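Two complexes come next, and they have one chain in common, chain A, joined by chain B in the first and chain C in the second.
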Partner chain A sequence: MSRPGGGVVSGRASSLRAGATPWVFMAPFLVCFAVFTLYPLFQSVILSMQTTFGPGATRFVGLTNYSALVRDPLFWTALSNTCLYTLGSLFIQLPIALGLALVLETPGLKGRGWLRLLLFSPSMVGVVFAAMMFALIFEKQTGLANQGLHALLAPLGIDWSLDFGWLQQHVMPALIVASLWMYVGFNMTYFSAALQNVRKDLLEAAVVDGAGPVRRFFAVTLPAIRPVAGFVVLMSLIGSFQLFELPYIIFNSTAGPDNRGMTIVLYLFQSGFEVGDLGYASAIGWALAIILLACAALQRLSARGEEAGA
Partner chain B sequence: MNAMGLEGGQSRVGRSGLWPDWLPVGVAIMAGLAAVSSALVAARPAQASAEKVMWTFARPHFLMYEPRIKEWNASGRTRFELRLLSLPAIERRMMASFLGDVPSADVIETERRPASRAFGGPVEAVGFVDLTDRLKKDGLLEAINTPSFSPWTSRGHVFGLPHDVHPVMLGYRADIVEAAGIDVSKIETWDDFARVMRPLMVDADHDGQPDRFLLNMWETNQDHLELLLLQAGGGFFDEHDRPILDNPTNAHVLATVTTWVAGPARIAADAPNFSAVGNKLKADGYVLSSFFPDWMGDIWKHEIPSLSGKMKLMPLPAWEKGGRRTSVWGGTMLGIPKAAARTPEEFEKLWGFCKELYISDTFTRDLYRVGGIVTPVKKYWNDPIFDEPNTYFSAQPAGRLYIQLAPQVPLRNSTPYNTFAMYRTVDALVRLAEEARATNRYDMPTLTKRAAELLKDAQRQVEAQMSRNVFLTGGAS
Partner chain C sequence: MNLRGARLLGWAWTRGVLLVAAVLTIIPFLWMTAASFKSNDEFFRSVLLPWEPAKTVVRDGETVREGGHVAWNRLTTDTYSRLFGELDFGRGLVNSIFLSSVTGILATVCCAMGGYALSKFHFKGRTFCTVLVLAALLIPGPLLIAPTYQLLYRMNLLDTFSGLILPALAPAFGVFLFRQAINSGVPNEVLEAARIDGASEWRTFVVIVLPLVRPMIGTFLMITFLSTWNNFISPQVVLQEPGKFPLSVAVAELRRGYYNDYGLQMAGTIVSILPVMVLFLVMQKDFVSGLTSGAVKA
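Let's look at the complex of A and B:
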């Protein structure tokens, strides 16, 4: 026996249940996200306006940490080093990755799979391992870089000094070289995937129209892979700004000679976890977040502008 | 109908009446998995826990303490469990527990830098128990070599029981030096050292570059620079933990070190410590001498065994005639977190354990036998163990040599800004050396003047950093 109108109630309840089900599934994530991401995020804003030594010893200092940051020469050193590394990533690493992808997508290339594996494999190595390896490679006297260059250049009459300070006077180039080894293959796979989706009929039409390889690349290939390229640029930008492990390991938890390996995240770490100034570290973190948001917004704006112009 | 052929979001089991409508299958599976995994975690056999836990960071310490703690536990007193953690892990957990006022270990053995982190707030917020009165009462303030307290003393309060003294000597390749007929007893100052030893700098392959240097020192080596500054009477902070980076002594040391690492009078080269590369360079005789705190001998013995019987120790050359012939490098303490000693009874149990572990003749001998480390407890300095010949150091009585220098060990600070100040001072030295190389100017007046300018800048940076800490500058409400 059923109650009159029970069908309607049951239908509503059923529809409510159906509406609630996704939320029930998402609840564990949402709870974790709120507790472990949103709340700490909110708390870090407050922390960046405090000087603290635990909950029992905390003082509100307003924007003092932020104003100190603007006047802090170390922060600017960290920022300029990070920007230099980022530029290296964007303007050296990505073109090389794209070039390798283009080579690998050449029709009829033999050993394509092996080459892909070879180029991709460094990105499977942990950053800590790679950092330790490059610390040894760039070592004075015994390092592979100096020994190799010394041996290679000797027949040309050039005496390459074994004391050449890769990790002293040429810190950022050394870090960029290390990151090239690690990430070129990784970014190459994105470009490879994008290149495989470039319409063949358009390329063939361009050939028929008499376009050379360079013209085909800029007129057909590049516009076709632009969304993926935009994504890779953005991810590289974010990853580069978060540079930490490489200099931290290579320079044995310091920022290297005269802070030449100091990056924003390394400075954040030193301020928060070596000096113990958690408020200042939070301010550095927010400065980094704002820089990244601005970069992402710029990238989106430029992408939209190009889409609108297309 | 949905993709599964079911209507209205109801499951087949639900419609059959065997499954409650209000519980979606997915949720039930997730809840079931959560329950099973929780039960598995809960059912894991708990570690056989002792009443109290001690953390240490060094494997040699762990191996040395373990049998002694077993003996202690067998004696029917409060049982202790010893755990070996990496130093960064101890630092993070220790600070997390101090800042949150929650328990961590009951006794913590830590080094100078992590310990100094605990002194960054108001003195009453330091997470370690203030041991000053108890040390006085037990006569330990007089019994222990005074400089050994300095890294654990903040604003007049002692928060740790010292483990060591760590005087520094110069370890040199006796086989090469003595074969050249050089008598190191004639070396009194660093100037003497450079002059007397210089004939040993040779260019064996005739490429215009020396293949051998007199000293393992480089402008980027923070530990070496700090010990040289302390030896000279300079350093980073005064006895009240105020920054003193820009003092004339520091400028003189930086200028002198620059002439060691660059220019025509260069005597030093980089053979990094604790690395295979550095060990090879040392074994090859690329550098003839290195700084040797008492703990370093044990490391070389294991890492560069080929130099056994070829090394000897001598006091550090002084910065001026009659000056200090040693310095200090490293340091360890035992501290009791406040959260572990909330009652006097709890404190007594822990304090008794700490004293038994650190202040005993057995420990003194173990410490020297296992790690070559000299105890800070002065009454044990007459122990014959320190007169035993050390085969690594060509049968020299290494312990006795270190003990003779122990009273001269310089005082240190306990401020958490020491590392920051050290980095900034090293930055100044790196710049000074590079500028000297670029301009080819190595005269001491020019270098000293420029060092003073660079140190002034370093001082400003340290002051700016410290000024934000309202708890140390007195601005806290």
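Let's look at the complex of A and C:
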């Protein structure tokens, strides 16, 4: 790929200047990247084998952090909560997003652009700010969630209690509902863009062949949007696993009652910056990294398998 | 059911679904806006807008019907005046604008330059740099929080804006995005022509390359501006002095310090969201299409 002496892509004779030019263009990025990404990445390996008391005082402890982590019940609470939230994202959020995208593609729909914009807009709101809002929306008695459900379900003869404890007993469902508001429109936008690639002639041919809407979806639409769907799944997975601000703000800098709002990154934050052990925090960080890398590898493998199978 | 009936049902179904989605999206915004104009008493009394119930009263011997309308007079702007008065929220607004703009502009310059080098130059180490960038896409952000904090401590950059801006200048995905945009948007012939005309490398980059990838510049500026604006964990970790807090941290402080002051919390949240929403409305077209282009082409 590289040519001795360097030079531009064109056939022009290389000069000393051309040899240095790409490095000059790369320099600002490379310097910042080396100092603030590569070095911390390297350092996080070392840190994860230390116990620290604030950023200054460190002591080498080998793999103790990792073995402690495996036996730490709080870490398992964090992991299971985070997994639950992630499952909610994948199996509740994404189907709704895809459904909305399909509905939005209905031919002859007026105001499609405005609807898309409106549904997308919550994803512009930072998680901190959305968390501020949902903290009050999920309050007992006064909160919009209970008030709304109470009013809507009353005509159906269901008495929704105003004391339903979203933030007391049902923490993860509450967080999943909040994430629906934040990200459904965002994911829908990706599915919408992907649906533009579905071939109209194939859909019409399927109609002629007598395939119903469900059959058409699985036989024509789904295969066509598969690459984008894979990308969206991976992004949701990575994003969901990094859940932090939502519970941290809602529960006012804690992990909620009985740690029901504890997540991996929240535990990392508490360990590193409230307890002051950057070493343990780094070990948690590596646990997170390994989980996410495994997910990404699985996704690559399954994508490759599908390509080979097709 | 006949065909027309089925069609009508389909029509009603799609519109119904979209209506519900739209209402569910917009209601929290409205609820929060209403709450931000309420005193605590009023917050407990009404769900959305304060309501003056209809009643019949006798005045000067005559029977008059009163009420049955929204009680606008029970709304207050007190929350906002306290926010910008005693709480100095304007400071947070200025900090957020400063941090987001500077980070956005510098990161865009860094990444556009890097993407240009990777896209249009053959040089020793290009493959290495490209692999490095692609591999870095896989590093989860939270992993770097603790070691970056330690690094900033050693560099004496804790509690400074530089400590927030510098680590955000080289996101690998930015270089990746610009490499893709320049690959597909800048033909080699144009660069060659510029060089034959004797344009310097820098001039070629600024005058020829950058205008050709303008949509990507807009999208990436917006992405970095937004993510800096909405970033909470970095400023929370790096900054200590309240005068330096951006809105994300200032709002969290509001919740810690004024836990029972609902109107105030919502007013602070509205002030934090509004500038971003306006920016989004202005930029929306390029932004949304730019955001999805990478995924759909891939």
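What we mean here is this: the second predicted complex is superposed on the first by the 278 of 310 C-alpha atoms of A that agree within 3 Å, B and C clash if a C-alpha of one lies under 4 Å from a C-alpha of the other, contacts with A are read in each partner's own complex, and residues count from 1 in each chain.
The rule is short, and it goes like this: contacts are C-beta pairs under 8 Å (C-beta built on N, C-alpha and C of every residue); 3 or more make two chains touch, one makes a residue touch a chain.
Source: prediction; values computed, not measured.
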Practice prompt. Kindly say whether there is room for both chain B and chain C on chain A in the superposition, answering fit or clash.
Written response: clash
Item to complete: Scan A:55 for contacts with chain B and chain C and give back first, second, both or neither.
Response: both
Worksheet entry | Partner chain in contact with A:47 - chain B first, chain C second, else both or neither | second
Discussion item. I'd like to know which partner A:88 touches here: chain B for first, chain C for second, both or neither.
Written reply: neither
Practice prompt. Have a look at where A:28 lands relative to chain B and chain C in the superposition and call it first, second, both or neither.
Written response: both
Worksheet item: Does the superposition put A:137 against chain B (first), chain C (second), both, or neither?
Response: second
Item to complete: Have a look and say if chain B or chain C is in touch with more residues of chain A.
Response: C
Worksheet item: What is the contact status of A:168 with respect to chain B (first) and chain C (second): first, second, both, or neither?
Response: first
Discussion item. According to the stated criteria, A:273 is in contact with first (chain B), second (chain C), both, or neither; which is it?
Written reply: both
Practice prompt. Check the residue A:261 against both partner chains and state whether it touches chain B (first), chain C (second), both, or neither.
Written response: neither
Item to complete: Considering only the touch criterion stated at the top, classify A:247 as touching first (chain B), second (chain C), both, or neither.
Response: neither
Worksheet entry | Stretch of chain B, among 63-71, 81-89 or 261-269, that runs into chain C once the two complexes are superposed | 81-89
Worksheet item: Both chain B and chain C contact which residues of chain A?
Response: 17-18, 21, 24-25, 28, 55-56, 136, 142, 273, 279
Worksheet item: Mind pulling up the chain B residues that touch chain A in the complex?
Response: 8-10, 21-22, 24, 26-27, 30, 92, 95, 98-101, 113, 117, 120-122, 125, 207, 209, 219-220, 222, 270, 277, 280-281, 286, 416-417, 419-420, 423, 426-427, 430-431, 434, 461, 464-465, 468-471, 475-477
Item to complete: Name, in rising order, each residue of chain C that touches chain A in their complex.
Response: 14, 17-18, 21-22, 24-28, 31-32, 35, 43-44, 47, 109-111, 113-114, 116-118, 120-127, 129, 132, 136, 138-151, 153-154, 166-167, 169-170, 172, 175, 188, 191-192, 195, 201, 205, 226, 229-233, 237, 248, 251-252, 254-256, 259, 262, 265-266, 268-269, 272-273, 276-277, 280-281, 284, 288, 291-293, 295-296, 298
Worksheet item: How about chain A: which of its residues touch chain B in the complex?
Response: 11, 14, 17-18, 21, 24-25, 28, 51, 53-57, 59, 61, 64-65, 68, 71-74, 136, 139-143, 159, 161, 168-169, 254-255, 257-259, 270, 273-277, 279-280
Worksheet, complete the sentence: The residues of chain A that touch chain C in their complex are 1-4, 6-10, 12, 17-19, 21-26, 28-30, 32-33, 35-37, 39-41, 43-44, 47, 52, 55-56, 99-100, 103-104, 106, 109, 115-122, 124-129, 132-137, 142, 144, 147-148, 181, 184-185, 189-190, 192-194, 196-197, 227-228, 231-232, 238, 241-242, 244-245, 249, 252-253, 264-265, 268-269, 272-273, 278-279, 281-282, 285-286, 288-289, 292-293, 296
